[in-house]
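Presented below is the structure to which this report refers.
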């Protein structure tokens, strides 16, 4: 029984991680139609930003503040990653709207470069992020331990999705983002500053990747190539959910999280990976546009 | 308020328009006629800024806007109903209309404007929550016009706005065009394929052919037969 | 037209004469690149012409290579169990290894197994109208599945190490320079044949159907064509090209492992074509050779920063020369002048019209 | 005479919205049938059902005794039903000529297409069609470079080359000038000698000039049927659709 | 050209005698996932080369390193090895980390009659005449660690490894050994390379309560595994994790306090207390920075260069055959203790050490084998391993 509950929690936790890593992609890819292969590297940027914050706090600030560095690291990693996203948009991505396959290839190049830059700055080996002491351990309940870090990530992902949902669907900027990504020319003819909105949208997606990176420092490695571990999963979540909406992304993320944990418990991690991907492939045969999708009447 | 001189425009290597002069005054409806492929849409796109002119100048209220971005032009009061409607297909009708307000910089009573629009196009009110892309062809066309009107333009560019709209509403639209032009002092550029419906509501006409304006004049003083020749295939 | 054919002919002639002017090492490199060029031709057919972006061609390449490698491994083991099976505790040769004692079966398998797998996958996905980005990402998922399985079943497949350490082919030593030159020549001929076949396809009515699929496959339905059938065909064909490339690769490089089928190599394959020019078969060949040449050159000359160079090269070409090298030759001077004028608007002109 | 195409009780349901609510329609060989009705009446949806693009929730489409309801799009086309869409849809990256080449009546399975060569007859046929659609001088331009109206013509030409038994046209003259409309109308009349034509159109002049039979749809149902004169008399038609126009004539 | 080169490719190394430098190849992954580990090996090898050059070179020649990037990609290793041997005509290559990269280079060095020094612990079952193995083979790392654990920690083993060759082979050895020596494997789990979620594995661990976790995870996964293990409230007091791929360098990327109390088995620690090591650590830090650490593979890479140099001096020649012959039996005072080249299989005699990880990221040695252990890549001297190695030789 306790195994069941803790596996349930693990599924939720994995789902929330999936959601965080996919959320930014749901914007840059789902909405803006940029097949952003550098998404993983933006996650990496967020992770390194957290690492740097930790260094600053441990080296230059009073020791008692160290406990709170993580709360500063979250917005900082968002800002750093979105700034880099902003630069990328200004310099490269803006030439690639309406050319999805080209965006895939160019962002692939970007990811190579970002990895190499990280390697030059931080060195090839992994770096360690030390979590504040209060994050160690977990909440004892039903005879199981729910690690604080996982609870934190779970809440972080819920907060992110709520804010993002509100921003995209209830604010006028959100509406502008959706309009511009759908039909850039017409949006500009209506008086929307499309270039600004483009940059904003991409920076937002990148920033969310940064937050994902920040949260991953609690659980996993931080090195120049960590982006490659998450990129495929992130894409799978988005396409499984259906491009263009957040609802699908949420269900996709938790679906994959749950399925992985269930399968992994009985068949091992390797087979879990194979089975989960196979299930996704088969599921898409049935619903080619993902769980939630919108079909237009137009021919293409 | 709109003045175009010596305009040269086209796509990549192909020049479609050459040496086009055009003027639109406040409160006047100007229709543009021409055979298929004469360059009517090209001209409109150049005015809204989607196409960069190869040469020539565009003045808006005595200010040069030849190289301005479409969004700036929209903010300055140029509204546009494209050929092919260009509805945001996965946004709802309501959201499409709200986007129409983007061009408006001053404070306005949005509900009032919407009421006015719904009077014209009652279907839209019924379908506020439906996705734009699910509407029928004619409904989309109505939405496109409504969206442009929501932006309170000073100049309205209509690229074949009657296409696909049922006769009773076509009449209404023609009336509206006349009305907004005269009452609100809005300039209208109307691209039309049919001389009859164009002449039914416009003050002046231009005919495009062979890359340029081959005939222009005041509708009242013109005999349709005289210009029919330019439109025969 | 004439001129083009002359260029093709000259190009293949230069390739054929390479053993006379390249060192053994460089020749081996070129041989490897030509295998890549074969893949590139196939990708150009499905991507450039038909609009199917496969990010999973590494799988077909790998399967072709494994088919050949199994034969070579069995020959190198001289009747005993392959070494990796022994130390993985396998007692008896698995059934599916047995046919690979026969070299002709192996060659046929290298061509047809990739094609069959592609056909099955295509049948499913194309009939269900999965297309565009969905298909691309799905093909990536297939890569993950295949590679993970290959690694997990290391007692049967050699795992991450893959299959290597071969000795002979048809009884001839693989390390002998003469054999290497013969293999190189075979590769040139294979490339030539595959290229000619592809050119013929693109010039025929079939080629027009493919372009129509890229343009708008739904429209094609209303002309009475079933796009799925054509897509399955061309996708399988291109998979079998990749399989052939894999077989030739193993013969020349002497190694195949799952890492060569993974997502990264699969994306690189597409990049070769993008760089060469996605709408040009010949461009694809040039792209494969030049990109890999550049990769080897940069990494030899600047082992520390070569990734920068390569990354920047990719980006520049993809962003500013979407027609790749082939496009450059078509209109080099014009593009440069025009680019600065147009900037953002490039490629957008079509969306308002449609 | 038996109808060549008949629809029985077609119902289409978009997540609860009944776009078609039991439509019955017969089309006979050699007939030009106009389908008119207010925006959103369901005309396009009906054409979509006939050509297989939209699946009906209920009802049957019969074509020369064959039930088309479950067939896929390309099979329906091969039976002889051609469709022109409301927005012009041609292959923008193929030349005008190649667009037509793909459209000629031919065996469209994989192997026939692989072997296919352009015969002299086919070439003549295409050239004739290019001439009739006024596209001869643009034959070797990519279709993407044509204007809206030119694309419309090209698409009509393409549909005709298929030699269909039934031709479905959705607002074929949208965006055409007066003279062009006239020409298209005559063209359609000529076509109708060999096949049945079902046209959706909002231009009443055009309908009056070329209609034999008019069917009026409203809110997903057939409102009335008859010649243009008869239809015009109908009060409801005038009210929901024609507006003042009805009185003019 | 390739046609003419037929004969010359055999005697390639001889012509170097005419110049005053001798080229050696350095072939590690400087990019890609493996760069994390391999970059330091390159540094160590360059340091050793500089030492030799500073002390007058070899046979009157300066050593000139030719650095190539294997890019974490096995065919690239094969290509670059070929390039080094055929184009640059290097006297030897130092390179590789993963077994897959070694397997890729093996036929190349054998066919070109070159020489490769491979500096990482590995799964054994191999001894190529053209490769010298300076890392541990299984009987110098895994086998003694298992025995020690059985004696000191308990019998219930939980095996966790990355899904690739080294862990799978290592685990099959461990299983055979446990069977013979009275231990028990309760769970054997593999996770794909790059796996980052260990919650399910940890759950299983909680359920079966093993005495020992034997960890053969690959670099990056270790970070996730240990962080999540700690979060789940499992410390070294609850269960000991014995790792074979975590050295000081890896610990830096995880954090010492996360790992504190867990064990690892190697032949060398930065803290190994012998004079040679003090000097080595000092020099390394001086060259590459105070914050850098040394570890077992770094040491093995470093001594590989020196061992080759010793062999060359003894042979009086750079020729591969002569160097190989001369190398047999060479003894060298390495930072990790005295090593000796075993002529029979070209592996090293090495001292086995088990260390406990301290919060500062260093090891405290808690056991060593005292004597250097004879390398036995095919485990021929262990009766329980008969099945595992029956085929070999």
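Of note:
Per-chain residue numbering starts at 1, and chain names A, B, C, D and E are given in the order in which the chains are listed.
Operating definition for what follows: contacts are C-beta pairs under 8 Å (C-beta built on N, C-alpha and C of every residue); 3 or more make two chains touch, one makes a residue touch a chain.
Here the structure is a predicted model, which is why all the values come from computation and not from measurement.
The chains in contact with chain A as well as with chain D are B, C. Taking the mean Cα position of each chain as its centre, E sits at the greatest distance from chain D. At the far end from chain B, in terms of centres built from Cα atoms, lies E. Centroids built from CA atoms put chain E at 74 Å from chain B. Work out the mean CA point of chain A and of chain E, and you get 36 Å between them. Chain centres here are Cα averages; for chain B and chain C they lie 50 Å apart.
Each of the following residues of chain C touches two or more other chains: 148, 151-152, 216, 219, 307, 352-354. Chain contacts: chain E has residues 30-31, 163, 190, 192 touching two or more partner chains.
Along chain D, residues 85, 87, 89, 148 each make contact with two or more other chains. Every residue of chain D that touches chain B in the complex is listed here, in rising order: 14, 17, 37-44, 86-87, 134, 145-150, 152-153, 170-171, 174-180, 183, 202, 204, 240-245.
Contact residues on chain E toward chain A in their complex (touch as defined above): 30-33, 35-40, 163, 189-192, 194-197, 199-201, 203-204, 206-207, 219-224, 227-228, 230-233, 249-250, 252-255, 257-258.
Across the complex, chain C meets chain D through its residues 201, 204-206, 208-209, 211-212, 214-216, 219-226, 229-230, 233, 350, 353-354.
On chain D, the positions that touch chain C within their shared complex are 51, 72-74, 77-78, 82-83, 85, 87, 89-94, 98, 101-103, 108-110, 113-114, 116-118, 144, 148, 158, 162. On the chain E side of its complex with chain C, the touching residues are 1-3, 5-6, 9, 30-31, 67-69, 71, 73-76, 78-80, 82-83, 86-87, 98-100, 103-104, 106-108, 111, 125, 163-165, 168-169, 172, 190, 192-193, 387-392.
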